[in-house]
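Next come the structures, one after another.
Next, two complexes with subunit A in common: one pairs it with subunit B, the other with subunit C.
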Partner chain A sequence: MKDKSKLIGFTCAYTPLALIDAAGFAPYRILPMGDSPDQAGHILHENLCPHVKRVLDRGMQDDIPELSGIVFMNSCDTMRRLNDAWQKVRPNDNTLLVDLPVSNDPGSVSFFAEELALLTDTLSQWSGNNITPERIENSIGRYNELAMHLNELKKRVDNGTLKDGSLRLQTIYNKAATEPIKDVMEMIKQMIDETNELSDGGLPVYLFGNVLPDPEAFVLFESCGARIVSEDLCTGSRMTHSIETDKSSDVFKRLANGLLSRTACARTVDPINPGKMALDVVERANACNARGVIGHTVKFCDPYLARMPSVRDALKKEGISFLLLEGDCTMRSIGQHKTRIEAFIEMLR
Partner chain B sequence: MIVAGVDIGSLSGETVILSDDKILSYSIVRTGADSALTAKKATDEALKNADISFEDIDYTIATGYGRVIVPFANENITEISCHAKGANYLFPTVRTILDMGGQDCKAIRCNEKGKVTNFAMNDKCAAGTGRFCEVMADVLGIALEDIGKTSLEAKKDAMISSACAVFAKSEAVSLLRSGVPKSEILSGVHEAIASRVFALLQRVGIEGDFVISGGIAKNIGVIKKVAEKVGLKPLISEEPQIVGALGAALFAKERYKKG
Partner chain C sequence: MILQHFEDQESGIMNAIKKNPESASPRKKLALETARLGKRLYSNADDLVWAGPLVPFDLLNAMEVTPCFAEFIASILVSTDAGPLFFENAEQAGYASDTCGYHRMLMGSALKGMIPTPKLLISAMSPCTGGLAAMENLARVFKKDLFILHIPQKESDHGVRILANHIRNMAESVSSHTGKVLDKDRLRKAMENTNKTRDILSNIYKLAQQVPSPVNGRDLSNFGIVLPLFFGTEVGIEIAQSFYDELKSRIKANRSGVPGERIRLMWLQNRIQFKNNLVKMLEKEFNASIVIDELNVITWDPIDPEDPYIGLARRSISSPLNGTVERRVKQIVKLAEAYKIDGAINPCHWGCRQGTGARGLIDSSMKEIGVPVLNLEVDCVDPRNFAEGQLITRIEAFMEMIESRPSPW
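Let's look at the complex of A and B:
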């Protein structure tokens, strides 16, 4: 990064990146990657979400760039524990925990809009900049443009016309989460303009879940004979999404509505249709003509693990095979996962 | 046409040599630190038993955890597909297979052609595996091949509350020190293993006929407990350790024919 002091750390795909940008900061996602030694267990229970533990490991090891602050979203119990632990291991960091409603009904959207306004005040204090509505609108425009370009790139990968598509797409998602938006958009444009090159066979598979940022994981899928034709991961396509630009309505409400209405993490529920997630998985798998579905979740993620049986049942009704993988944000289980994925593909052939 | 299937697991390596549909020979060797060497040892022994040379083999398929480092294999296929294929050859009516190997345990469902339709594997856990039985045999000072028979002498099961191999070992040591007969401890251990694998089988659904393969199929104590829970009499081949290698050899035959 060119100017590390202008970074704001974040750890959840529900973070309103446009607000961070509007404050004059660049968002920097602390991805659960790298070689930091396992230390989080000194503070948190060992049987806890590996995503949170790996992020804390990086904080404890100082394996992150200099940050002006870090924004945590109150998305689950473990993310709250991360916020607590972070203050203990890095007491000098500016931190803020933003409350995140569990549904997207009008009351929840209004509440979240107020939370985003409070976040804006805090970011304004941290940066010393007055965050005007105009600045926010400009940032929303920039992030909408990023979402549009990423979506275009994703379409090419889904169609199988980009060489090493899913590996390169994940690399770009990681860059979009950690590097200046302008540089990333330039890279995406270059990739979109590359000539078509049909990827080698592979059985079409739909991938969904939560945290899977390591591009090597996508190499593994392809080496086992799977071709990821669409994905829904919080370190992937779920990270960016378009926000309405109708300036006649309140900007915070638009941001809140956009964040809460995009493809939901398992921690967010639709109170009218609690089983919606399973139906969404079936719908997306059918839409991309997937022969099978792989669910990937980090271990001990209760919101995801609790919903997997209903996802399995919904897919079974549709005659779509399902494989559940549980990871720990490292490639240490690669041997066991390889056997499962290969056997799944052999079963589908 | 002569083909070979080589199964390199965590505890043992097996090779099966087929001539058309007939098993010419097989071998079982202990897995060493070098999987490639284990594969060679197992195959050399099987070749010797069949009185043929390596050059006589037309096609080889490797399976098991060491499948990717068998240097002379033409292809590799997962042990899940191979166990289903091998079990189907031995018992054509099989629909559910429980493979209890050295390092992991797999519940497999297959169709009438021996093609996998669903499967589940135990996670990073030694419970229900050959390694678990080895550890228990060691703690109790009984030869591995005798633990099944010994457990049948028990009048009741000792309570082994943990399904974790590491904790179960500690529990077994405590029970031993408090004077609980070895047979009862082993019976309790086998009950814990059976509970664990029964849960795995329920994930894929159990439908007869039901086959148990892998080294633990030789442990009569575990088999009895699993049969009680499943409610079906398991079919067990004369040599349950070679089912994976046999399946690999059958795949080798198919692939060679296809060209």
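Let's look at the complex of A and C:
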């Protein structure tokens, strides 16, 4: 074991944070933010997802805190390549790639449960702590509590009763991904208890996609006249979710099932219902009474790009307007879309 | 239209062989059988299953179900006159031009009704998430069921066991969708055929390693990726045997694949699927021979005909297109040493994240053994932006660089 710190890096919303917590570590999401120079394209390829490239840029530039290890999830091709490249550019880091099935059928859940058990063994080696089932249950409880509080906060933002709601919610999501859970929980509680203050209107819009961690992006949406009444992003509400606490069943199976059954990223498929993602987008847009839908995906993200035509078709069928934005995880790229967002909102009025 | 294409191809090859029996090269034999496969796919007579390239086709053949993988049919369609139209059709429907050309071609042609309707689709996350997404989209378009195989990244006991079970479930699913039962004796026979084909392939690759090599740059192109469609069948054995016999006879006659072979090359991952002059130029101007394609490799042990599922699972997991780049690179380095190559060409198929994402790591590992790699930027399926002149200039410079340095061996 190379004991470096109490932090474990991660890069994907499918990471079982409760296991990291149970090992005595704090999870630290390496968000694709900061000013590290573009170098990753030389190791990977320029036409790879900017999320992964910017995470690798941070690793290459040493723009991350000291970590005891990094847990990568096999969520897509580029995440796999990130795991490969990380070992090359930072050979002294402890790393583990956890295999992540693409569906939640019983066989996949069993396989993933065994992968989580292996992850637990590895985390135990990295920490020197014996990770007992009781510790895992306690951590699941803590993360369930976090998910519940974040959900409450999200409801306030969705209802428009929290001043600068979406900006502050995203700030909290980022903190929940990078700071100790105890500290974040305190901040959330304080925010939930703030008195109601109606936000400045704006046209209700549903936002979905993958990586959009910069809180300034949400300021931009609002400045264009949009009010994000619900979002489904892997750097947002998809990051936390409740896990069943029925202690009579195997804890790894519960965790596996919980992760594979939660609101899905485009990489997760329901084989019984091909194209379900499009129907989910319509359902959520309707549920939050959105007047329009904005999809934001980072460039070169195959899972999302491949599903966008069906999303577009499904929304069109329902008569819901749709704007698709592609970005590279920088405010520069989202800022370039300002006129398009303004025009979209104008059209909806 | 596509059925006509395959029928014309079949009759054209047969007529050519009839006129001149000596022209019956193994390459023609392979082309003939792929045309026949294409005919079966498009004739509406067979039960079809669309599958990912790492799905065990021998098991499907044993069930008398016609299997095909998306990338195969895309590479056939691109050679038809309608190829560019299919790309445009996909892009008009919203499929981004940044994504893999194979999958765009597939979607564009499916939306035009040019892909035959299967009974079932089977996909996996390996080799790529883009492929899985394309299969999901096809399932949606066809309104057909999708079965997903989870192919683990590592060959762990639990991973092999679970994949073996998944393959069993897959066979049951195929059975329930086609009504075809997996007969034990046919399965055993299919595995015996697969093992025979495996042995012959292994011998073919050993022959190809000879210096000078009996193969030229076209003989074994797409071989390791297309031949598995015939695994488990007598035809698969015949095709492999014809290649073996041809190479053996060339060696006996002291005939190398490229006369006066001077430079030995490896081609990484995919070949360029549309007509181009790169290989011809390499051979003509530099006496350079592509002696090994990365995917022409046996990474798996013979499969136990009495209990094939574990062996089939191990085979899928062991594919160079699955797992970490570290494992892939080890395999590439092993091939570089076995074939004594002077350089490698990586087309870096545009839109292939799993493949191009390995570019830098392949480069650096090959550098360590003294083998230079030329990274091109090519869409291996979409010819619309193919800048052959520029590529030739880069390849020429690469060849000159190789000629100016001592052999790594």
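The rule is simple: the second predicted complex is superposed on the first by the 343 of 349 C-alpha atoms of A that agree within 3 Å, B and C clash if a C-alpha of one lies under 4 Å from a C-alpha of the other, contacts with A are read in each partner's own complex, and residues count from 1 in each chain.
To be clear about the criterion, a residue touches a chain if its C-beta (ideal position, glycine included) is under 8 Å from a C-beta of that chain, and two chains touch if they have at least 3 such contacts.
Only a predicted model underlies this, so the values are computations on that prediction, with no experimental measurement involved.
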Check the residue A:Gly107 against both partner chains and state whether it touches subunit B (first), subunit C (second), both, or neither.
-> second
So, A:Thr339: does it touch subunit B (first), subunit C (second), both, or neither?
-> first
Once the structures are superposed on A, label A:Lys175 by its partner contacts, choosing first (subunit B), second (subunit C), both or neither.
-> neither
Could you say whether A:Arg291 touches subunit B, subunit C, both of them, or neither, answering first, second, both or neither?
-> neither
Counting only touches as set out at the top, which of subunit B and subunit C does A:Lys6 meet: first, second, both, neither?
-> neither
Count the residues of subunit A touched by subunit B and by subunit C, then name the partner with the higher count.
-> C
When the two structures are overlaid on chain A, which partner does A:Arg90 contact: first (subunit B), second (subunit C), both, or neither?
-> neither
Using the touch rule from the top, collect the residues of subunit B that touch subunit A in their complex.
-> 65, 77-81, 104, 115-119, 121, 123-124
Touching residues on subunit C, where the partner in the complex is subunit A = 93-96, 98-100, 103, 125, 128-130, 132-134, 136-137, 139-140, 145-148, 150, 152-154, 156, 158-159, 162, 165-166, 169, 324-326, 348, 350-351, 353-354, 356-361, 364
Inside the complex, what are the residues of subunit A that reach subunit B?
-> 321, 326, 333, 335-336, 339-340, 342-343, 346-347
Spell out the part of subunit A that touches subunit C in their complex, as residue ranges.
-> 42-45, 47-49, 74, 76-78, 80-81, 83-85, 87-88, 97, 99, 101-103, 105, 107-108, 110-111, 114, 118, 266-267, 269, 271-272, 274-275, 299-300, 302-303, 305-310, 312
